[in-house]
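This report concerns only the one structure given below.
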Amino acid sequence: MAKFVSVEEAVALIPDGASIMFGGFMGCGSAHKFIDALSKSGKKDLTVISNDASMPGGPLGEEFYGIAKLVHNRQIKKLIATHVGLNPEVATQSMQEGTLEVVLIPQGSMAEMIRAGGSGLGGVLTPTGVGTIVEDNPYCLGKQTINGREYLLIAPLRADFAVIAGYKIDKAGNVWYKGNTSNFNIVMATAADTVIAEAEVVVEIGEIAPEDVRTPGVFVDYVVEGGKYNG
Amino acid sequence: MDRSEIKSFIAKRVAKELKDGDVVNLGIGLPTLVPNYLPEDVHIILQSENGIIGTDTVTEENKDPVHVVDAGGSPSAIAPGGAFIDSSVSFGMIRGGHVDATVLGGLEVDEEGSLANWIIPGKRMPGMGGAMDLLVGAKNVIVAMEHTAKGNPKILKKCRLPYTAVKCITIIVTEMGVIKVTDQGLVLTEYNPEFTIEEIQAATEATLIISPDLKPMV
Amino acid sequence: MAKFVSVEEAVALIPDGASIMFGGFMGCGSAHKFIDALSKSGKKDLTVISNDASMPGGPLGEEFYGIAKLVHNRQIKKLIATHVGLNPEVATQSMQEGTLEVVLIPQGSMAEMIRAGGSGLGGVLTPTGVGTIVEDNPYCLGKQTINGREYLLIAPLRADFAVIAGYKIDKAGNVWYKGNTSNFNIVMATAADTVIAEAEVVVEIGEIAPEDVRTPGVFVDYVVEGGKYNG
Amino acid sequence: MDRSEIKSFIAKRVAKELKDGDVVNLGIGLPTLVPNYLPEDVHIILQSENGIIGTDTVTEENKDPVHVVDAGGSPSAIAPGGAFIDSSVSFGMIRGGHVDATVLGGLEVDEEGSLANWIIPGKRMPGMGGAMDLLVGAKNVIVAMEHTAKGNPKILKKCRLPYTAVKCITIIVTEMGVIKVTDQGLVLTEYNPEFTIEEIQAATEATLIISPDLKPMV
């Protein structure tokens, strides 16, 4: 059952070298307060699974937005992502300095790999990436022909931690996402040993109708109250 | 035509490929101009692969850059009747053939209808994002691009850059013409009368099959 | 885009011999008005994909509930389901009379097969059913060992039609499900050539928040207004 | 003990296997009695595989048999803090190891910890429903059943009926004892003092390993 903790307590759960999934798409739907605290914590050698590396300039004038803070502070050893082009520091650290390992995965495959990791499936059979260098990806386990069409078999993906962000989270840990912030948060909440969810607003049980819960509280281990995000 | 006119010209022709009610995913750049050229009676539903079905123009009133962004990370908005979905549902929709068309640019395309547009090895590290899924899943893949790059052909016999997806393109629209991808190869179905067929072929590395119904581009 | 039609118009879309997915779990979340009209239509030789065959006695005193009406009228030639034990007419028609072919599939596998069919995946790799007679199922394409664990490769499932039922459906076809009626409706809406959705209540656009839409209108071809269900 | 007492006795012992906060799926029949015997400080969350996390007792006030039913199709209800989910999410949760325990009955179990409880060939046509997924996915599989059926052992060397799942059982609780499934075989860890060890073994086709820590069942 979800335990409500301070952001400092939540960050203290993360050891150096941990693998962490971060929800969010270019910072939209990321756990900004947690990430900010983590970026100041000195935790290092992280393996990060995230759609992207966000970007330096945020929409509210932030110098670094979302996990771009962790990139900038060189806390990430390995980044598994679908797109890193809007954060030039990734290319610097990976291609020039060689201090950051980057594995690129198609976005739809990444969503399915995480879903498979969280739902006990053995892998993903997707037509995406057939005939491309994705076939040489470390997560690509082979190619199979089913009913005359070729598919790549891609491995499930799990992590030690998932750090997700919801708009409303109730006292039972049920999460409701605003706008299109749900993106990777929903699948990531199912695919990690420990799930930390940051709320903009903590609400009473009943304020999210049971039909409108998008991440059930049983998936959430810790809730951090982040407050309404305003940069 | 200057480059801005070229882009408008291409976008205008691409718009004719879209039907009323189509669910469409637009790549960055030129493709975003396409909706400007839709006839009044053609309404399409724009999908953003990071979780919006039915994007709308951003205004001061609807802007919420913390909670609603497009696939480039810029502020977006949702149109009446739209829906927000998560990434696994969004890409299920894309791979499952529920997107009628995707319009995107290309660095190189080839005779097999394969496309390369995501990486120049050693030069940049962007990532494929959702492009590989869109190319494999969308019912129609429309490449909208300038015919050449600095005078060099972009329509090749075989892509030299790493593929984004193989045998995926439905149609290629450039400022020189409209090219359909068929089992026989690349068929020029429309040409821009500013160019001769010889000029178009000269700007194209791939061999163009001239359609018996070849028409001027309008 | 979703077209609003009468239940008669919707039933007229179905040819004899069609394959139809019906959402619902023991009748909960089924398109009752549509099914009632279909049961009176004389359409026959249907292949039906449904969690179950529902049951004779409904919760509001119905003599036959949900697709039990179609079973009773012998309109189904083949039934693909997870559980048929609560409708004794299935055993009669399949085991005694041999007029109904039944294929049984584990419930979680069926949900994933339909999801795979609707989302362009090549198959499902599930540990469910390993070592059981499910391995002999016509949808089981083989067994694979991935990271030391055995999985069955199960084929995707699609149909000519999906007939789903929502509580609220707005004028754009967006669906909101009440209680646990969403069950198979959500995946089925993605996995058929034509999707017919029955609403208890048709509402204006905006009455379902974009975040709370569970089946987006772009998946729905036809909407039937069924009215609040009261037996 | 009469059969009703036997069922209560078994349910009471099963209740001790559940911890505060556990997400639990209960099969039909005997397993549904288990929550009655939980200590006051142990609160579990009952999952119904057709889409309820946190079921509640049905009352005249919360009853909505058209929209909320349990896995047997009977009216159900949702507890405060619960959530409704669709079937693909529900079975993702089950297969993905997010259900702490499932309690269910068995027709036959065997030395490998395999279970048969879904079909008697030629006799009935029920279907496996969600049972195969639950057995494969739940962290703990607790079989709660009478030790014998009409005097015949149900705990066999090898199941004779078609398996529901192989090598899946964590623990077997009967009116005679508690049996843990280990790599070595079936270990009797607790016994009902109404029976001798010999009587328990005699009612069991499988060979029971007697735990060095064997205790009376309480």
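Each chain carries a letter (A, B, C and D) given by its place in the written order, and its residues are counted from 1.
As a convention for this text, contacts are C-beta pairs under 8 Å (C-beta built on N, C-alpha and C of every residue); 3 or more make two chains touch, one makes a residue touch a chain.
All figures in this text were calculated on a predicted structure; none of them were measured in a lab.
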| item | value |
| --- | --- |
| Chain pair with the higher count of C-beta pairs in contact (B-C, A-B) | A-B |
| Separation of chain C from chain D, taking each centre as the mean of its C-alpha atoms, in whole Å | 29 |
| Averaged-CA centre spacing for the pair chain C and chain B, given as whole angstrom | 36 |
| Distance from the mean Cα position of chain D to that of chain B, given in whole angstrom | 55 |
| Contacts with 2+ other chains: residues of chain C | 112, 115, 120-121, 126-127, 177-179, 182, 211, 214 |
| Numbers and ranges of chain B residues touching at least 2 other chains | 78, 84-85, 91-92, 94-95, 136-137 |
| Touching pairs among all chains present in the structure | A-B, A-C, A-D, B-C, C-D |
| Chain C - residues contacting chain A, complex | 112, 116, 120-127, 141, 144, 146-147, 149, 151, 153, 155, 176-179, 182, 211-212, 214 |
| Residue numbers on chain C that touch chain D, as the complex places them | 25-29, 51-52, 54-55, 59-60, 81-86, 90-91, 94-95, 102, 104, 106-109, 111-112, 114-115, 126-134, 167, 177-187, 214, 229-230 |
| Touch list for chain D against partner chain A, complex | 21, 23, 45, 53, 78, 80-85, 91-98, 136-137 |
| Contacting residues of chain B [partner chain A, same complex] | 48-52, 64-69, 72-73, 75-76, 78, 84-88, 90-92, 94-95, 114, 122, 124-133, 136-137, 162-167 |
| Contact footprint of chain D on chain A as seen in their complex | 1, 115, 117-121, 170-172, 174, 190-191, 205-206, 210-211, 213, 216-219 |
